[in-house]
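Letters A, B, C, D, E and F mark the chains as written, and numbering starts fresh at 1 in each.
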Amino acid sequence: MARPDDRAPDQLRPVRIQRGWLDHAEGSVLIEFGGTRVLCAASVQDSVPRWRRESGLGWLTAEYAMLPRATNTRGDRESVKGRLGGRTQEISRLIGRSIRACVDFKALGENTVVLDCDVLQADGGTRTAAITGAYVALADAVSWMRERKMTKGDPLIDSVSAVSVGVIDGEPRLDLCYLEDVKAGTDMNVVCTGGGSFVEVQGTAEGRPFDRSELDALLDLALGGCTELTRLQNEALGR
Amino acid sequence: MARPDDRAPDQLRPVRIQRGWLDHAEGSVLIEFGGTRVLCAASVQDSVPRWRRESGLGWLTAEYAMLPRATNTRGDRESVKGRLGGRTQEISRLIGRSIRACVDFKALGENTVVLDCDVLQADGGTRTAAITGAYVALADAVSWMRERKMTKGDPLIDSVSAVSVGVIDGEPRLDLCYLEDVKAGTDMNVVCTGGGSFVEVQGTAEGRPFDRSELDALLDLALGGCTELTRLQNEALGR
Amino acid sequence: MARPDDRAPDQLRPVRIQRGWLDHAEGSVLIEFGGTRVLCAASVQDSVPRWRRESGLGWLTAEYAMLPRATNTRGDRESVKGRLGGRTQEISRLIGRSIRACVDFKALGENTVVLDCDVLQADGGTRTAAITGAYVALADAVSWMRERKMTKGDPLIDSVSAVSVGVIDGEPRLDLCYLEDVKAGTDMNVVCTGGGSFVEVQGTAEGRPFDRSELDALLDLALGGCTELTRLQNEALGR
Amino acid sequence: MARPDDRAPDQLRPVRIQRGWLDHAEGSVLIEFGGTRVLCAASVQDSVPRWRRESGLGWLTAEYAMLPRATNTRGDRESVKGRLGGRTQEISRLIGRSIRACVDFKALGENTVVLDCDVLQADGGTRTAAITGAYVALADAVSWMRERKMTKGDPLIDSVSAVSVGVIDGEPRLDLCYLEDVKAGTDMNVVCTGGGSFVEVQGTAEGRPFDRSELDALLDLALGGCTELTRLQNEALGR
Amino acid sequence: MARPDDRAPDQLRPVRIQRGWLDHAEGSVLIEFGGTRVLCAASVQDSVPRWRRESGLGWLTAEYAMLPRATNTRGDRESVKGRLGGRTQEISRLIGRSIRACVDFKALGENTVVLDCDVLQADGGTRTAAITGAYVALADAVSWMRERKMTKGDPLIDSVSAVSVGVIDGEPRLDLCYLEDVKAGTDMNVVCTGGGSFVEVQGTAEGRPFDRSELDALLDLALGGCTELTRLQNEALGR
Amino acid sequence: MARPDDRAPDQLRPVRIQRGWLDHAEGSVLIEFGGTRVLCAASVQDSVPRWRRESGLGWLTAEYAMLPRATNTRGDRESVKGRLGGRTQEISRLIGRSIRACVDFKALGENTVVLDCDVLQADGGTRTAAITGAYVALADAVSWMRERKMTKGDPLIDSVSAVSVGVIDGEPRLDLCYLEDVKAGTDMNVVCTGGGSFVEVQGTAEGRPFDRSELDALLDLALGGCTELTRLQNEALGR
């Protein structure tokens, strides 16, 4: 059974990474995974939250959100509803946790980087696109800081990228678009370092529970996808 | 005294209107007034709010928001704070009121158009760019509706555009950028129809109160600016 | 076509200004524009908001609200709903901005005046009655401060008053009551200094857009109304 | 030890009841207990809450609030804070419960009366003044309903009034003003019917716990006070 | 007419007090009044609220809440609704006020005790069970503090217990269960010291107003109940 | 290096499952994993959410919360803060998703089961204890429904249990207590069916990223733990 866009099961959608999309942010990226389009901004603040003060350590946090008409049907704004939804908070926490895995907070010094990941258009895999783009925005913000001697050495230990995988009609597939996402029996988001280790593995049986062999196949697919995303991140960064 | 970007006092910034920027929305526009960049999406719903039901009339509403890093310093998200700021609500109301002035709600039928104006980058005049772009997004959404026979004739009575004007160091200027906006003694936002009538005039003395002759000079400037914006809207719409 | 209360088109409703209506407030006024009744209290605090500290400058802010049964049909309390409506915030901001136009913040010293304008009964023009009354309450609070040597010279540069004007059935009219307000094609609120300059001009086409000659006629009416309100403010203050 | 205003221990403050203070409300009263001034509005709605529908029974509810500058020091608005304080809710519930004790909901029919009690100025005993005034406002609203044949017979079974009592320096006193209230060792609010029965008795040991004889003395004082308040309510209502 | 559990009118339900139910809290009690089960935790903090600092005095506060399925029908969580109900706040305030009546804040030193009373199962009288259990939890927390020399002498002046009483079918009864509570014409909660004085008396006519003799009978019953509860508290504390 | 409670690396803490802990709930369980104590209540409602109506399908949802003093240091109540934390929502969603994996919604009919999981005491693994206990509470609620013929056949397809695993000082361990949890380099929560398939796998690198062999070792441990938990669930249910 062919994929909606005729990709091979282990093939990413076309990925496009535009750096410097915003004039004001210290780092900013418009990242596209096919029809998914996320604007990632890295903002540098020369202070840390109260609980972190006088520790010599920096901090990094992330906020994820979706514009109301990013999706096929318009969603209500969380600012209008007056409360953040569970999904929004869960993804914000995931992005922050994932990106923190590649940061040396001692080298960062008592500075904070805030990563804003705003989904302008959604077609599946918004959280993994956000993580992949946020790393690039962070890398630019870190360069900006290093030029200003705000850091102590290189705060980036490794790179981080992420991809979704899932089982559709019994077939493990890489980087699901929305049409595949809603049909997936098992859905997994995997965050890896550039070095190929796992930062986060989140697998969910949407329909039928999954067994060990399916899990293994999905992890293999995801590792391959992250290797390619790492290459694209490095290419975008001119490394 | 020269303007920051060497424009003539009665000259608009470069205006760019990209239609169809989003795949899902019935109408969408990325509009730029110089460094100000606003994503306007028009969403069509085939129902009206409860208080409007069985009136035979449609409805149109607007929501304005700014991404946290649209500005030079990152602002907190209103969704995280759990409440809409006064400025956000005031501008949302202004956009809705302004665009409703060009809509024939009987022709629209019992449908609602929601206009989402999200500021991706801010450099002064975000509300006027939003109104100018929202009209174009609305025009596309109305075409979409007419193709589907959802309307009774043409719901668009006229077009609407908006521009800011202000007095800087005694000189009336058109379409203020952020640097001018913060220095303006008097600041005015003017919304006009394509036919050259006023829909909304909002003038505020930021410093010294202004007299009738200053008000007249600003209104002249604004009318000229709106005439040019109307031309650009028509051009973008291929009229 | 006669006005509901048989006034001439350029005639104010009976205005009544009662000073010292509250025992505790440093300045307080119950102001009436016909059936509109607003209680304005000016509270003095010997500190300024955090962002204003050590600037040598004072601050002034305003909050507007309406009692639930000020109107013909009972409205829900915003405290019960848990959020301020857009209209409430918009008017609060307008009042603060308008009154700040007559204050010398250096002379005020590092003190804050909070103006509470609570509408006890509404019959059109509540925001303009609030501004007109708030100025008088402020004047009393400033006298209270000057007696206690809290200021450096006179913090009041000028006086401020406000009035609504509108076009009903083609006729420009001054100081609309509620019945006229709902029928007005164009509705404008004008805030002037005692010296006859504009502080704020907010004109809105409720139905048909308006042209320059209508705008001019409304501004003329408003200036006349504000001149008379200034006289009544001075009379109330025994100047 | 004399009282701040030289009253006898069993003497009420001057009570003033002005009916019809608002034009729109079906019943409205400005009630004063000395310096305490509460605006009570009774609003009639020809429906009942969802849980009460098709029961043949009416409903009555109350909301109490204080203007920010009712007190000596300005308090923050609960609408601005975005949440109702515990004290506000507690008093709103008390007023509603107390007044409901004199209503025959079958006779009221499927209508709702909302009582808004807004404290314009506070000098102790605001909740008891609110209850006493709210009853009079309700009586007027009920007359309004009866004229329109909205009720089935007389919905008012009895009248209701309330007063505070307390022990100051060992002396039981009636109708405490603010200065006495803060010094009271025991503080009690008593709500009675016109017939002299108890609707609500709320006694609190602010400092030292109280014994049975103190409780008895306070109840005696309160019953006397309510008898006088009932007389004043009837006088105001022209009974 | 027999009581649902065949008790005598002046008989308490079986009361069970389990101390040390939680590992972490400085004092904790699971208290049962028949089917009513409340978990009371006393938490010690070595600081006081801002307004109490440098006064040499401690503070005590209480929070009451009910699990969603404590009741016969599941109730919505207040955390999910985003606001505390009036009943919750009213009871939290009552518990805090009641327990503070037995505390010498000078002896407590600048420490705060927070009492959390969470109703695990409700069968009437939850607030009185909470007060009775909270006192025992506090006593354990105070012992914990005294062992650590955090206090100056004994902060407990007296003990506190509470019970509900009410009139059902004309008969005054002690310690109402839920079935009786809903049928009670008059409902009263009484908080007493171990020494037999009143801390709080809250009587409410649910249906018919009550007279002095009914009030007296209910107070007699309550005093008897509190005497027995004081005995059970002492027994649980091994005094 | 020994575990704090001297367990073998692949050994669960003592697990205790008390059914019927609440009188009102259709199913209820107090489950203990060592010092972790969670009260799980299953509430049956004979209706479904609006979006599920007339589908013939039932629904199941879950809410997780922690009492303020479940933890070593008292936490603020989310009801008092007025908003749900991200962690709370994330775990609530996880529990609902996990338990739904074992439900046949067609067999459940148009009924809803709400699972309330309230942590009375926390010592690590609260979410996995909640899932394990919630399944047992659900099983009892389903029996209750089947007795009342509310279902169409057996709505339980399988059973569900969950356990945490982690790497401490290089050693993979089963069912972490709090002291181990804070030291874990990698932390994973695994939800399995009684049949040994995965429902949810959530692995997080708290410090160093983890590789495939660590992931495999943790999954092995978790599968063994869930097998034992399934046995204990069946034992508790008398199967």
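As a working rule, a residue touches a chain if its C-beta (ideal position, glycine included) is under 8 Å from a C-beta of that chain, and two chains touch if they have at least 3 such contacts.
Every value quoted in this text rests on a predicted model; they were computed, and no experiment measured them.
Any chain touching subunit A that also touches subunit F would appear here, but none does.
For A-F, the equivalent interface among the listed pairs E-F, C-D or B-C is B-C, as over half of the contact pairs agree by residue number. Shared numbers divided by all numbers used gives the overlap of an interface; between subunit C and subunit D this overlap exceeds half, so the copies present the same residues.
Note on chain placement: the centre of subunit C and the centre of subunit F lie 59 Å apart, centres being C-alpha means. Chain centres here are Cα means. That of subunit B falls 51 Å from that of subunit F. With centres set at the average Cα position, the gap from subunit A to subunit B is 33 Å.
Residues of subunit E in contact with at least two other chains: 82-84. Taken as a contact graph, with one node per protein chain and an edge wherever two chains touch, the assembly forms a single closed ring in which every chain touches exactly two others. Residues 22-25, 28, 35, 39, 41, 43, 45, 63, 65, 67-72, 74, 77-80, 82-84, 88, 114, 116, 118, 120-121, 123 of subunit D are the ones that touch subunit C when the two sit in their complex.
Against subunit D, the residues of subunit E that register as touching in their complex are 83-87, 89-90, 92-93, 97, 101, 158, 188, 192-193, 195-205, 208-212, 215, 219.
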